[in-house]
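First chain written, first letter: the chains are A, B, C and D, and each begins at residue 1.
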Amino acid sequence: MSLPTAGAIEDALAEARRKYRNWGRWGPDDALGTLNYVDDAKRASALALARAGRVFSLAIELNRDGPRSGDRGRGNPIHTMLDSGLEAAAGQGFPHGFGDADDVVFMPLRAGTHWDGLGHVYDNAVAWNGRRCEDVVTSTGDQVTGVERQAARFVSRGVLLDVARVIGDTAVGGGQLPDGFAITEEHLRATIAAQGPSAFAGRGDIVLIRTGQLARCRQRGSWDGYAAGSAPGLSFASLAWLYGSEIAAVATDTFSVEVLPPEFDPPCRLPLHQIAIPNTGLFLGEMFDLDALAADCAADGNYEFLLVAVGLPITGGVGAPVNPIAIK
Amino acid sequence: MSLPTAGAIEDALAEARRKYRNWGRWGPDDALGTLNYVDDAKRASALALARAGRVFSLAIELNRDGPRSGDRGRGNPIHTMLDSGLEAAAGQGFPHGFGDADDVVFMPLRAGTHWDGLGHVYDNAVAWNGRRCEDVVTSTGDQVTGVERQAARFVSRGVLLDVARVIGDTAVGGGQLPDGFAITEEHLRATIAAQGPSAFAGRGDIVLIRTGQLARCRQRGSWDGYAAGSAPGLSFASLAWLYGSEIAAVATDTFSVEVLPPEFDPPCRLPLHQIAIPNTGLFLGEMFDLDALAADCAADGNYEFLLVAVGLPITGGVGAPVNPIAIK
Amino acid sequence: MSLPTAGAIEDALAEARRKYRNWGRWGPDDALGTLNYVDDAKRASALALARAGRVFSLAIELNRDGPRSGDRGRGNPIHTMLDSGLEAAAGQGFPHGFGDADDVVFMPLRAGTHWDGLGHVYDNAVAWNGRRCEDVVTSTGDQVTGVERQAARFVSRGVLLDVARVIGDTAVGGGQLPDGFAITEEHLRATIAAQGPSAFAGRGDIVLIRTGQLARCRQRGSWDGYAAGSAPGLSFASLAWLYGSEIAAVATDTFSVEVLPPEFDPPCRLPLHQIAIPNTGLFLGEMFDLDALAADCAADGNYEFLLVAVGLPITGGVGAPVNPIAIK
Amino acid sequence: MSLPTAGAIEDALAEARRKYRNWGRWGPDDALGTLNYVDDAKRASALALARAGRVFSLAIELNRDGPRSGDRGRGNPIHTMLDSGLEAAAGQGFPHGFGDADDVVFMPLRAGTHWDGLGHVYDNAVAWNGRRCEDVVTSTGDQVTGVERQAARFVSRGVLLDVARVIGDTAVGGGQLPDGFAITEEHLRATIAAQGPSAFAGRGDIVLIRTGQLARCRQRGSWDGYAAGSAPGLSFASLAWLYGSEIAAVATDTFSVEVLPPEFDPPCRLPLHQIAIPNTGLFLGEMFDLDALAADCAADGNYEFLLVAVGLPITGGVGAPVNPIAIK
């Protein structure tokens, strides 16, 4: 699929639905989507990739100063204490010197590093596998494809595609793609070719794509602009590769995986999401911090690893907060 | 250490502080406690244990019907939707058929399967490594030993000690210890002996102890009694083994790790916590669902595995929600 | 209407719907229900009742130790600090000695003293004024009859009917009705007669009915049993009076207004709610603390007053937290 | 007091502390501050002002689209449903056609129309009446002067000073003061003089000052700029009048009562708050919607009324959400 002329979004969506839809592929009751590509054998081969015991956490910290703007009720995590060391020092009424503190958090499930659940996005009111969205996600959450059903499945071979380092501006740390840069299938193939055999991505892999946008935020010490506006990301045209490669999931170091603003005439929301989630059943991971891992991969030339990226099993969630761990 | 006469708690606490305190062992600025026992070599050897690619999630689901009672403000997670499939079906104003749902959660960090943070419990107003608790945990959270500092470290060799199956009542599914049963060092050693060489537990290991209490709740379909009152768990006397074995962490399938009611005269809060967390710097994991893993271990006679139990990096947290994954 | 034979609930509901339904009475777009009975003239006459300037707050405090059990996700308010005096004392980085603290609350809207919104209860999936409940209350709240639409309307003449003092056991403080006591129209009329002319209740009045249950909780220092199980309250048969008197609202010092357990064979939820809210459009107020007001009324023999019971205008709420103020 | 030269903030603060401090005035245990000026007689005279029964709610609605920016964890209210009409329509398992919906809210206590609590602001780590702030407000809230202690006291004579209409630009609806306009004592006196005898403000009154900023937001349909940056408001120099007039409270239609940016050289936080709350014990009300009331006052020339502005009694709160009701 080549990228259609900007503006022809309805045609592009129609073509993408026809080509990249996996409805029924894993039966009418499926709640796993492309995670079906991962089986014991896949995991066993992934395990064999981790030898040295080097661990990389790909999560950003969850706190009040995170990237979210509060738009549409989606703010940053608010973590507060039920009791603190001050209460304990002042005396809590427990005998024998015992004291404790405890805490709570209020947060959007997609506030920090997370997987989009299959119930997160719809295409013309239809959710993954062809279900009516109002039958899937009600006020009590996603009753069919909630994230608790997939949480433990995100264990597979991980592959880093450091597009930023291969194609971006390497005058800045680690390489960076400019905001608005659309990563096409050609960019992905060029990155794989440049990185060598360990970067091959195929059936059941979890692909991590580095754009350098998060590194840019880190450099300037601010999330400004990260959660809204313009960002590098996957081109709508990359859906051909995302679908055809039979990968289990794709994640980026950006807020929305796909390039922003979208490549079609405004107004247009998130066209890649609209195909990938409800039609392909593909899992999208957002706000993955790939910088330390990328530096290690660049140093040893090895871009594959064991990835354990299991989310919290929040019943009915349409997003899964996760602390993804890459192990080499 | 033998269990002191019931009632002599002050003496027992004093003796335990003298024997099991690790303050300064890893320097004055330490925020890792017994996780210091885990290094790349330890992780590398743990990785070698996972071959088949079988994955076991040890987390209970997070929802309104969880085990917490609401006592002291500590209730179950409340997961609600900002938008749902109904809003999307009714039309959200997005163009080209795009629709989405999003959700939030309010939850105590220790509501489900979790690690206690080092800032969770104090001994006479002193936190881990000898710091005054009011200098560590304020209204903005644990500023010194918050869970974000250890989250990625919980990757090591896991060992299951299925005390319930070895010593408990095996007439019930998987074996169960009765409420109030105190697991001593002798019980742990007997379990290891019965399970064979794969059950050896030592430096840097994460030890999972199964009591069968969670299985009992599952059987009767109710959490009643799980979060309060009487439970099987570790004896205060087991601190000798917990300390001496140099394990990195210990977790159980109970609400509080230690036996309840405590073995000392009332009133008495959580004496094992009071030593283990602020004095030993040991990580305690609570509400781990060990039943499926235990059945697998019983079937193949292999009680060791790769354990990836990384919590969410909530800045300043004194508890870390986690979806622990055992891989064999 | 006389109370039907226990068990004949379907017949009783059918009869009540026929007799006490106000659908269409105030037009098809109505969002005010029985608050339509209150107009400027009514308020003006209510204002004339307040002369001395004595003020009585009828709210219970909102905190973690409130009456709610956490059942169905409905716990007590959790109030926590974003910053506290400790942070300010330690220095927040503001110049010239400025410091501040701020706080947040997570709470069910019906956690403490509140009005039930018109969108709170349905009768066979139909909400107030005959609307389908799924068209009224979605994940974004009550879009037709949300509490923000009535909040400012709860200003009228208040009348206290101290049934507990007139009919209950006056050997205990202020008089108390036993749990399970069903207050009928006859009890209400007898109370009015005993209290004298100031206790007349009619069109547009807000009627406060004291059962003594809250006083019982206060005496024993515990909310145990208040939020569940057995409670004194209005009989299903009192609907005739609630409807016919054309009062604007009725509130009690209990958790659920109506007698518990219900007067019909189990299982049965809240039959008086099922008629009063969606059929009559009547506002029910719960957990009103009437004890201090009742003592004053008993002392001066005057049972009428200005009542200002305006809730927080939470857009789309189906419950309105309120600090009701009676002024004599 | 005349406004000091810009920049001389330390001198101005010192002078203001000396002149406007009420510590000890109502005893060492005081938790009411300037609300002590309101007694039964004051309330009785206020009641006499309300004759017609016209009611004006002065609250803005509480929802996700409110004025707060999320800065420092202080976002807008997030109201979500535990159950909605969709769940009820789909069947909740209740017998006889019963169905219900329920909701929760997470909100800063100062998210919408509110009173600042006495524990909200400190002057050099000292709270109202000379207490150390860390002794007053801990992680469990304001234990000495929490808003539950004053909630019911906000019943008194209200006076509207429509400075915007008298002094501002009346070419725009209702009159508006420009952002950054500092309202001095002279402006207040001129407004009173222009409005006539009903606008006299003295001991125990609650004074509502209209700047027109909220009307400006309403006109352009956006809160942008309301919660931060530049706003009309009370000059630091107005403290002389606020103190000397012995009013019980002052509220405005702005986010912060006082003029922004402050009149002193940067950096400078909220100097009027720093004197008024911890030193004077004066209650500040923010985000009061005064437009409808102001239009009525302008129409009938009567600027006094009964004001019932009782907040929610959230135990230990440093802010009190309120739906203030003016009755004429």
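Operating definition for what follows: contacts are C-beta pairs under 8 Å (C-beta built on N, C-alpha and C of every residue); 3 or more make two chains touch, one makes a residue touch a chain.
Fair warning: this is a prediction, and the values are worked out from it, not measured in the lab.
Undergrad: Work out the mean Cα position per chain and let me know which chain is farthest from chain D.
TA: Max centre-to-centre separation from chain D belongs to B.
Undergrad: Same or different, please, for the chain B to chain D contact, judged on whether over half of the interface numbers appear on both copies.
TA: Chain B vs chain D: same; shared/all numbers exceeds half.
Undergrad: Counting only Cα atoms for the centres, state how far chain C is from chain D in Å.
TA: Their C-alpha centroids are separated by 28 Å.
Undergrad: Taking the mean of the CA coordinates per chain, how far is chain B from chain D in Å?
TA: Here chain B and chain D have centroids separated by 47 Å.
Undergrad: Can you check how far apart chain A and chain D are, centre to centre, with Cα atoms defining each centre and the answer in Å?
TA: Roughly 44 Å, centre to centre.
Undergrad: So which stretches of chain D touch two or more other chains?
TA: Each of 64, 72-73, 78, 80-84, 86, 104, 106, 134, 138-140 in chain D touches at least two other chains.
Undergrad: So in the complex, the part of chain C that touches chain A is made up of which residues?
TA: Residue list for chain C touching chain A: 64, 78, 80-82, 84, 86, 104, 106, 138-139.
Undergrad: Quick check: in the complex, which residue numbers of chain A touch chain B?
TA: Contacts found on chain A: 9-10, 13, 39-47, 50-57, 59-63, 72-74, 77, 79-86, 88-89, 94-110, 119-125, 127, 132-142, 148, 151-153, 155, 267-271, 273-274, 306, 308, 310-319, 321-323, 325, 327.
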